[in-house]
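Consider the two complexes below, in which chain A is the common component and chain B and chain C are the respective partners.
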Partner chain A sequence: MDPANRTWQRLRKDKAGFMGLVIVLAFFLIALGVWSGILGQGWSEAGGGRWEAPGKAHWFGTNLLGQDIFQRAVYSVRTAFEIGFVVSVLSTLLGAILGALAGWYSNTWADSTILWIKGVLDSIPFYLFVAAVAFALQGKPWAMHLAMIATFWTTTGRLVRAEVMKIKSREFILSARTIGLPDLLILFRHVLPNTLHILFIQSSIAFVAAIKTEVILSFLGLGVQDGVSWGLMLAESTQEVLAGHFNNFLAASLMLFVLLMGFNLLSDALQEAFDPQQAAL
Partner chain B sequence: MRFALSKIAHGLLLILGVTLISFTLMVWFGPDQTYSLVGKNATPEQIAEIRHELGYDQPFARRYGGYLAQLFTLNLGASNSSGEPVSQILKRTVPVTLALMIPGFVLGNLLGIALGLLSAQHKGRWIDRLVTGLSVTGMSISFLVIIIFLQVLLSTPYGLNLFPVRGWQVDDPGSYLRYVAVPTLSLVFVTLGYNTRFYRAVFVEESGRDHIRTARAFGASTATILWKHVLKNSMVPVLTRIMFSIPLVVISGSLLIESYFGIPGVGKVTFDAITSGDQPVLKAVVGLTAVAFVLIQILTDFIYKLVDPRIA
Partner chain C sequence: MKHPVLSVRKLSVTRRQPDRASTVVDSVSFDLNQSEVLAVVGESGCGKTKTAEAVMGLLPCDTWDVQAESIELDGTNLAALSAAAMRKVRGRKISMIFQEPLTALDPVFTAGNQLCSVLCRHQGMTTKAARTSSMAMLERVGFAEPDHIMRSYPHQLSGGMRQRIMIAMAMACQPRVLIADEPTTALDVTTQAQVLRQLTRLGEEYGTSILLITHDLGVVAQYCDRAVVMRDGRTVEEAPVPKLFSEPQHEYTRQLLNATMGVRSA
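Showing the complex of A and B:
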């Protein structure tokens, strides 16, 4: 059996992991529904009274402004996927490229420079870094994404660097060098594809981290600027819960929890499926 | 000696990097402060004077040097919004943040180590499954959700109503305990899942080594093995974890907890500086904490050598 197939077989047998996959796919379908204009389109209309109880018109009640909480929670799935997708893809890509270069040119100035940048970024407390970036960009809506991408790549970079250093002394790489293929071609065509398992796992971890971080940043006023997200709903709810209105809080935190749980189960299962020996530790 | 020198050189390079980044983001590219400082109908001369005071007419290197000098002499200027010297603000708020965050940080790690040991000792059995299952659940709950939930549960009439809803009126040990309880519980809950999972992995790996099997074969009791062999030999990863989680847990945690509960610590000051764009406060907090964290890393390297003489 080829490795990809074997990995899939292991993943299918992992009950918790499979459940995680189903949850993530279900949320992805909701996000597609929002994108295509079927779901959650009335998220900003103030069509009800203040803090209406759940009922036929508003399944999960309304917020302070009379907006439908269910629609807002559903629309936020799209926001979460946009942030998670942009951040996980770009930060993993950046980590792959920088990690590969550092590993291939290990113990040269290129390697030390990349390690230095990584060390510096790891030394600045994350939320303060976001605050600094947001300050420099003066409230640009993508300051949050930029800050996450600029810091989330470091773990991927470290893992890819270590793996590339291992791979580059293997025979098939030596033979590629012997027949005179250019360095960068070997690195990106033959070495990097062998780190795909790391990239898969790390991007699923980055996805979770991005969604969680958005919540905190939106509460701090550094996150989503326009539109709606679970973070903004929770920020709204911090005032409401003290007055006894829990619908906003429950809707946002439950959706958030289920999606994060699904992703965590999936990423655990991915680790186990790709590398059973390591994951068994 | 060579070890010490190389570690210190490495640390200096990191300090150069973190200060360079915070300078570039907040001072060089930061918004122009001139018009928030000059009065109405200022003359061109007054504007030029303010710009000169702020250093806007200086080249990059000189202004960066000025920022470094500010950080190392702790002569950090005054807050834009209150006019209070930044060093005085920090002197007032740092003790509050430490008193607020230390209990939760220590408890979160101790409980994580205890649960990790428990889980590793019963690896593969139901206790282990329960602990790992709960850790993943804990990892899936947002910090903000935990704080809101515990506040409603413990501090409002909708729950048990045991503790103050927010604030920090601490003047004796009793009031300290009442105000620190809910933030501490929040911090423990949010870190416990990650900590337990990490420590479990470390202890399981250590338990699989040959010398542990030998000790077991010689009839050492489970408790002796755990304490004397597994825990002691895992000190390096455990220490790394604790030291490296300081910026994330203590600093980022205080930002969220203090702004949520309205506690007058560094986190609240930083939050206010973020919302009002108070550049002198922000650049001091970011620069100083990053430098402090680099110092912690250097210290960690030296502790490693004490714990494990093999490390070069």
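Showing the complex of A and C:
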């Protein structure tokens, strides 16, 4: 059986993992709906009175400004997915490339430069760094993405570097040399594909981390500038909770909780399904 | 006199170390003739593998210092070639297979994928032509169902099967010289005989000369024409195989032969 098929078979047998997959897919469908303009388009209209109770017109009620909480919560799915995708794909890619180069050219100036940059980034407290980037790029909606990509790649980079150093001494790399392949081709064609399990798992971890970080940053006012997100909703709800209105708070935290839970279940299951140690089973 | 296919003159390999340099191969010279199977025999650590890797140009120059008067392959001095020119020679004119077939194939690609990529790279074949040619090659190394093997991943194949795939890859471009570095040490005796027979037969068919590195004198007696005996990085004796067994010249060769005979008679 080929590896992709094997992974799928194992994932299907794992009940919790499969449930995670269903949850993530359901949220993804909602996000697609928002992207294509079907769902959550009325998120900014103040169509009701202040703090209306849940009902037919407003499923989850309205907030302080009379905006529909359901629409806002649904629209935030899109925000979450956009940030998750952009950050996880780009930070994993950056980590894979820099980690691979550092591992392949280990103990040379290239390796020490990459390790130095990684060390510097890791030594700055994360929220301080993000705040600095957000201030430097004031008003730019992608300041938060940039800050996350610039810091999230370091873990992937470190793991890939170690794995590449291990793989490059394996015999199939020597045999790739004996058939005359150039260095960089061997690195990207034969070494990096052997780290795919790390890349998959790291990108799923980065996805979850990016969504969580977005919520925190938006709550602090450093995050989403041109839209709505669960973090912004939670920030609004701080005033509402004091006045005894929990709808905004509950909607945002429940959606966030369910999506992150689903994602964690899925990535745990993927980790097990990818494990080559169980290849023989 | 016949002109040798591969002619190595005064090859020395030194390991660069911060405090001292240790010489692993010390001015070794030998000739490999057309369609010949030449054995390089010696105990572990005597420099057999390093000699082969130096000829292939595989030793990284930051840790190894390779010096040679000349390493001539068909009249081209490999020692003087640039890294890029050497890459064109490797795999096309000179190939190598290794001791450990279990790890010599990339685990994430199918055997067919890896075999095809050699042909596409060195012969400029299209993917389709490379597929047909790979299947033919797999049949030649004795696979009854090449189609099935093409789609298999390395972990699905046995050691003997993987080593035959390595042979197919190494011989795909009909190289002038094949260096086989203890190709059967990791295999059981039956598979060993099968693999070596296929290897020498393909060598004869393609006119490829084979440099067989081994420590098994039984293999030398059965499959090789001539033998070079190495010890501590130097060649101590070079002779046709029958002569080596009947009248060994050097004390060390006698010791080697006695060691094997001792086991046999016991």
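Methods note: the second predicted complex is superposed on the first by the 275 of 281 C-alpha atoms of A that agree within 3 Å, B and C clash if a C-alpha of one lies under 4 Å from a C-alpha of the other, contacts with A are read in each partner's own complex, and residues count from 1 in each chain.
Assume contacts are C-beta pairs under 8 Å (C-beta built on N, C-alpha and C of every residue); 3 or more make two chains touch, one makes a residue touch a chain.
Here the structure is a predicted model, which means the values were calculated and not measured.
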Chain B and chain C placed together on chain A: clash or fit? fit
**Asked** Of the partners chain B and chain C, which touch A:110 in the superposed model: first, second, both, neither?
**Response** neither
Chosen between chain B and chain C, the partner touching more chain A residues is B
Figure out whether A:131 sits in contact with chain B (first) or chain C (second), or with both, or with neither. first
Taking the CA centre of chain A as vertex, the centres of chain B and chain C subtend an angle, in steps of 10 degrees, of 100
After the superposition on A, what does A:170 contact: first (chain B), second (chain C), both or neither? second
Practice item. Quick one: classify A:123 as touching chain B (first), chain C (second), both or neither. Key: first
Contact-wise, after the overlay, does A:179 reach chain B, chain C, both or neither (first, second, both, neither)? second
When the two complexes are superposed, chain B comes to within a least CA distance of chain C, in Å, of 17
Per the touch rule above, chain A residues touching chain C in the complex are 2-3, 170-172, 174-182, 190, 193-194, 196, 276, 279-280
Residue set of chain C touching chain A in the complex reads 56, 58, 84, 86-92, 95-98, 100, 103-109, 118, 121-122, 153, 155, 166, 169-170
Counting only contacts in the complex, chain A reaches chain B at residues 116-117, 119-121, 123-129, 131-136, 138, 212, 215-216, 219-222, 231, 234-235, 237-238, 241-242, 244, 246, 249, 253, 256-257, 260-261, 264-265, 268, 281
Chain B contacts chain A in the complex at 10, 13-14, 17-18, 20-22, 24-26, 29-31, 136-137, 139-145, 148-149, 151-152, 156, 158, 165, 201, 204-205, 208, 247-248, 251-252, 255-256, 259-260, 270-271, 274-275, 277, 279, 282, 285-286, 289-290, 293-294, 297
